[in-house]
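We just call them A, B, C and D in the order they show up, numbering each chain from 1.
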Amino acid sequence: MLGIVPAAGAASRLQPLAFSKEMLPVGSTFDERGIERPKAVSEFLAERMIAAGADRICFVISPEKTDIIPYYARHPAAERFCYVVQDQPRGLCDALFRALHVMRDDEDVLIGLPDTVWFPVSGFSLLPEDELAFLLFPVDEPWRFDAVVTTGERVTEIQVKASRPKSNWVWGAFRMPAWTFKRLHALWLEPHRGDEYVGTLVNAYLRRGGQATGLTAGERYFDVGTVEGYRAAIDALRPVAVAHER
Amino acid sequence: MLGIVPAAGAASRLQPLAFSKEMLPVGSTFDERGIERPKAVSEFLAERMIAAGADRICFVISPEKTDIIPYYARHPAAERFCYVVQDQPRGLCDALFRALHVMRDDEDVLIGLPDTVWFPVSGFSLLPEDELAFLLFPVDEPWRFDAVVTTGERVTEIQVKASRPKSNWVWGAFRMPAWTFKRLHALWLEPHRGDEYVGTLVNAYLRRGGQATGLTAGERYFDVGTVEGYRAAIDALRPVAVAHER
Amino acid sequence: MLGIVPAAGAASRLQPLAFSKEMLPVGSTFDERGIERPKAVSEFLAERMIAAGADRICFVISPEKTDIIPYYARHPAAERFCYVVQDQPRGLCDALFRALHVMRDDEDVLIGLPDTVWFPVSGFSLLPEDELAFLLFPVDEPWRFDAVVTTGERVTEIQVKASRPKSNWVWGAFRMPAWTFKRLHALWLEPHRGDEYVGTLVNAYLRRGGQATGLTAGERYFDVGTVEGYRAAIDALRPVAVAHER
Amino acid sequence: MLGIVPAAGAASRLQPLAFSKEMLPVGSTFDERGIERPKAVSEFLAERMIAAGADRICFVISPEKTDIIPYYARHPAAERFCYVVQDQPRGLCDALFRALHVMRDDEDVLIGLPDTVWFPVSGFSLLPEDELAFLLFPVDEPWRFDAVVTTGERVTEIQVKASRPKSNWVWGAFRMPAWTFKRLHALWLEPHRGDEYVGTLVNAYLRRGGQATGLTAGERYFDVGTVEGYRAAIDALRPVAVAHER
């Protein structure tokens, strides 16, 4: 199982930082000697992918964000990480498809955003296998995200940063089999497409007869890519809160 | 006036970090467009130095910590910063004296620790000019720091990480004229000295007849070099707290 | 087809360098505007892999050698490159097997050393497909390399830095199908193996009944990892020489 | 004595490189164990400054060129180096004046270009002290440089990249006392000045009554900032040539 971590984006809402936004410390962890240490925000996504069975995690980085590499070289699961590069900021879809280099034909793919923290930790495992499935989270400001409109558990539309979305459930992570990933890629390659965002590409996929599941099993979602979200995540991830959560 | 910022130390109590510990975000600031953004812990020291009149701020970095440089190249006071290198971890005194390259004969020198945050902001300006003067802060665990023993405002001894220090006031910053800095350097160069810590060197200086003032004007002191101190600083520097402080 | 480029080794024979030894300029190339520019030594290997049909090239880097990434992000074939990390210097075999993350079941694998330059450019294409095959080069000092002893084109032994090797032909590159790569990996994982060098592992593979071809089609071989080899390569790759070669 | 090394410029004529152009290997040196190793081009300038008595060498770097710092941290004269930053490419004069932070009132300043190699090694020492003095070199293509027109040893004009310069002697290095450096700075700060190049600023200085000496003691000059010059320097600095030179 392959986890794809799109980490090529600039941290326009947090700049300047002296490091990649995916390395922002949020909450803490305990090392093998029992010593508490800061935890980079992207570790939350990586551990959720590993919990769901990802044996390889592919970071898509920009050429400037190589600080991610030595950090994960010291991670307990260091051997699982590999890297591809998005040399220009061509959007999220372009970033994700660069991981095709590492994908195998017969595996499931997990995708999440490395500057978010969400619960439950088991989120990826709750999603059905072998289909395109989104893990949905209730948020207060769905207009800032991709709001996912569903009928039952069936996704009917994704509204990308719509001013008045019909749903306050947004996707925070998703999974699919490799062959669906390739179908989305083929669709994205069609003339006049090259979508920047996942939402519009999935809408086209649905219009072509594709299906997608939306599971409202997400509980809490923090977008650490803004100062407010960063602060909220720090609050939520204090030692007591984390202990309580788990 | 020259500010010296010893930033060559490893972050042994916080590792692994993806960046220099002096870049840890603590609190926030607002950029020229009024947008809130994270603030690197070492900016607190730099702004206290600038508030006291430092026209040049010299960071002493290790060869690995060059991430400090592009960060401060975007600082509003970017032109004031310069850098010298401590190639091996030879202790705090060695680091400080490397800034002699940049020091002028007739100026005052300000020294602080870039992984601490303290109040009041005006601390350096409260210290008397033209003499060796320490800004003292009351702490709960003085055995973790350099406890400064005083008679009136006169320093009689500095107790370096003593198990039962006679004082719970520790130095958080200090200033002195260039000629005192050079006297300390000459003392440090004597055979069998080469002190690692400032405290033992100052004790020798006092025994030789030197004088030092200790001013108990410090109010709050956070050591961000530990997870606990980092967390305490984040709490104390929430927007409300900061607004209240100022 | 996958190219594997083991670039995790320290440049002990060339230190200090301000950059990874794989980035050493050797010879030159002409950019899309016809302007001559220096060429990093590892580009020679990459272009030989691309000439043979590699659609993906996986660099195995150490955590410190991330300067390779922005360089290849500007390469004309930038999209083909991906990266895995060898966090500790555990030898060449360990480095190569880390690329298993990126390998597919049904492809051929090309392997070469990124601090060497060899001719002919078409070397990889000369090797037979679907078997373990070494491209051999005649050198003056075979004791510094892996000398390959053959009977006809059949490899009988690889002599690793032997003081008096039976052959002055050394391997400079090799290819094999994915399933052979996995067999070698399985062999390497056996208790008490974990070979550092390719030669001893291949010898064990041969003793188990495996077969390997050695093709004496290599013409010139430069080891840029030494000052002498670096200088020889610079001489050999002057514009006239290159023009002549092609 | 202060050496100023303007190393903030982009390597537009050599890009892409995986490192700062000042780190290009040219020629070689022998380390303390007698082992030959590549030599970064900027070391030639640094050793000429040290030979003339510079106790401090200030590199002016751009925020991206921090690879210079760990390299010089391993230099035999590592303690002499310090750094200031030019955050934007504002030209050579702006870069040089940033070193005012490090300059003392009563010293001489040596200035050279870190992507050039010139002989004799003793060049800086040949220049008269306590005055503005240029070390001139005969070149074949003076229109690519600052051609220095002299009457006797008195500089009458500097022709900046003039198509048909009156002289084929160009400056390769210069020295002056601190007070002249400050006069040039004051002149540069005048409204409507802010010269990009040294030549126009010196011309204005001469028109105001300032004096400058031009010494035709330079013998050979290599501009390593172009592929041709880089190649010529490599040829000229082969071990035999170097031995012969010294």
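Assume a residue touches a chain if its C-beta (ideal position, glycine included) is under 8 Å from a C-beta of that chain, and two chains touch if they have at least 3 such contacts.
In this text, all values refer to a predicted model and were calculated from it rather than measured experimentally.
J.: What shortest step count links subunit B and subunit C in the network of chain contacts?
T.: Contact-graph shortest path, subunit B to subunit C, evaluates to 2.
J.: Which chain has its C-alpha centre farthest away from the C-alpha centre of subunit A?
T.: Between subunit A and the rest, the longest centre separation is with D.
J.: Report, in whole Å, the distance between the mean C-alpha point of subunit C and the mean C-alpha point of subunit D.
T.: Averaging C-alpha atoms per chain gives centres 40 Å apart.
J.: Taking each chain's centre as the mean position of its Cα atoms, how many Å separate subunit B from subunit D?
T.: Chain centroid spacing, subunit B to subunit D, equals 36 Å.
J.: Between subunit A and subunit D, what is the gap in Å from one C-alpha centre to the other?
T.: Distance between chain centres: 50 Å.
J.: Give me the residue numbers in subunit B that touch at least two other chains, ranges are fine.
T.: Residue numbers touching two or more other chains: 70, 74.
J.: If we use the touch criterion from the header, which chain pairs count as touching?
T.: A-B, A-C, B-D, C-D
J.: Looking at the complex, which residues from subunit C come into contact with subunit D?
T.: 14-20, 23-25, 28, 36-38, 40, 67-68, 70-71, 74, 227, 230-231, 234, 238
J.: In the complex formed with subunit D, which residues of subunit B make contact?
T.: Touch residues, subunit B against subunit D: 56, 61, 63-64, 66, 69-70, 72-74, 78-85, 87, 98, 101-102, 104-105.
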